[in-house]
Amino acid sequence: MSEPAPLLTGHLDGAIRDGRHTMEVRVYYEDTDFSGIVYHANYLRFMERGRTNYLRLLGADHRSLFEETQDEAPGFAFVVRSMTIEFFRPGHMNDVLEIVTTPQEVRGASITLLQQCRRGSDLVVEARVRVAFVSGGKAQRIPKSLRLAMESGRSKVGAADAAGARRQ
Amino acid sequence: MSEPAPLLTGHLDGAIRDGRHTMEVRVYYEDTDFSGIVYHANYLRFMERGRTNYLRLLGADHRSLFEETQDEAPGFAFVVRSMTIEFFRPGHMNDVLEIVTTPQEVRGASITLLQQCRRGSDLVVEARVRVAFVSGGKAQRIPKSLRLAMESGRSKVGAADAAGARRQ
Amino acid sequence: MSEPAPLLTGHLDGAIRDGRHTMEVRVYYEDTDFSGIVYHANYLRFMERGRTNYLRLLGADHRSLFEETQDEAPGFAFVVRSMTIEFFRPGHMNDVLEIVTTPQEVRGASITLLQQCRRGSDLVVEARVRVAFVSGGKAQRIPKSLRLAMESGRSKVGAADAAGARRQ
Amino acid sequence: MSEPAPLLTGHLDGAIRDGRHTMEVRVYYEDTDFSGIVYHANYLRFMERGRTNYLRLLGADHRSLFEETQDEAPGFAFVVRSMTIEFFRPGHMNDVLEIVTTPQEVRGASITLLQQCRRGSDLVVEARVRVAFVSGGKAQRIPKSLRLAMESGRSKVGAADAAGARRQ
């Protein structure tokens, strides 16, 4: 917010491939509790980082369509309306978790995202998150350009999954 | 953990009445984010405090039935398996939120709790939380005494709600 | 911020006695890390709660002198400029810590506070915290009324300590 | 802890160059508070990530000398004994901060680190952190190999600074 985004932050922000956003998160002391594992609420922090970077990268890829909202402080953001979470396995200190964010349903005023925290091939946590789109501090209809960007992502996810299925 | 529970901590731990646990939580800087409201993941911290104190008070009220588990470090605890959360209204700096925890379904190996974060008569956040019971570091069948304590709570909730309905 | 402070929150906010503010804080899961003890940064959260409540109670006790600033959002606050912290003993899950805040030096534009986290007679963490006074979003000279309120506190601390010393 | 460190995590862990460890940290919602800036205690989380990764990379570079301690759970770690922090400038949402960790004094039982949080050429936060070395859950004399690794780092820092000074 305080200055233009640095040029090379892909190592921090993750990437969108086949319509899915993935990024890696290291588990530090701050993320664990005395029972020895990651404190459950901290997965929501990891998933919010994923959503923030997903929106950041969508905005970078489709700069023209985000231009009208860019002037308004504090910019645009997702706001969580509801979520369903399952905790399958414990995460541990020093784990590198992959946070995968996939758009599931894009409506006029809300978006449902599937978010997973994975460790290698293990699914650690999975959530379905319904978010509203906020710009200039207010919930708004999702801009058509953003909706198209996310929907084109969804069709790529479908195609990639189908291709993956054929390969097996 | 490090020493016996202090004698007078009711002002911190809340109370169980009519089968429901309630406690108050003040919103501090640490709980908010730059959008001006409580950061969504922090309601999970508030609700975990509610569950911890609910179990603490159940244990204090039914000391004899918790005695067998008390020797095992690090004691017994609820571990969250899944939850569904709705965010209805924003919480703000300095708010005093009431965290209300009500047992909904008590099974052999898991318990479903309804948890609400209220501000006066406003419902801010509501969650259904399925927890397993862990003692000595392992998930276990819920001790019969704890199950009875929670179920007697549930019937009181039902009776209190019915009485409330009659009064209206 | 969103509504008038509830009437009876002394059990949450602690109290000012002999110029010192004290409040109790329960250690929850969220405060610990996998090494089994309180994560070091979380003592700063506890001490910030102490400062916030100290200022809240000073404001309540001296309402007339805070009236001019009360209209300005987001109100007045302490902002930390520097601090020195010593970690003497580990804090543990379920501990009840007493957070003690004592004004040490009150200058025109900054205040130095001594803050301690105590468990019974044990000193767990001690910090010297230099804060600026912010109102309406900007650092300001400390209002004379606030300075007098804190200085009268300091003289009481001195008197109480001297009385305590005489008693021994 | 739960599995061998993944092979390629340099983008997460930062790097040691000229005896200094540097890594980048993105500021997310979770790191800010309603005053609009980074919550002060969260810089301690950033600096702890820096220390953890500094020790991780020292261990990877000097694997033979860490071998004896590697078997002991939960491994070796720095534990903070005291710190002095100055907050020079506010950090903001979306900032990319560089966390720079430099060994300053390496003694038998404790190490003093200089840690900076930088944004471009601006110094945001600076701390001097005295840590003890813990292995197998207990404070210990710092292994000679670790001490040599850090001291060789210190001499490189000195040489690099002198070279930098000559260039100006």
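All chains are identified by letter, namely A, B, C and D, in their written order; residue positions are counted from 1 within each chain.
Just so we're on the same page, a contact is a pair of C-beta atoms (placed from the backbone, for glycine too) under 8 Å apart; a residue touches a chain by one contact, two chains touch by 3 or more.
Worth saying up front: this structure is predicted, and the values here are computed from it rather than measured.
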item	value
Of all other chains, the one whose Cα centre sits farthest from subunit B	D
Between B-C and A-B, the pair joined by more C-beta contacts	B-C
Mean-CA-position distance for subunit C and subunit B (Å)	28
Between subunit B and subunit D, centroid-to-centroid distance (C-alpha), Å	38
Sites on subunit D at which at least two other chains make contact	1, 29-30, 34-35, 41, 45, 48, 74, 92-93
Of subunit C, residues touching subunit A in the complex	29-30, 32-37, 39, 41, 92-93
Subunit A-facing residues of subunit B, complex	1, 34-35, 40-42, 44-45, 48, 74, 77, 79-87, 137
Subunit A - residues contacting subunit D, complex	1-3, 5-6, 9, 11-13, 24, 26, 28-30, 45, 48-49, 52, 56, 74, 90-96, 119-120
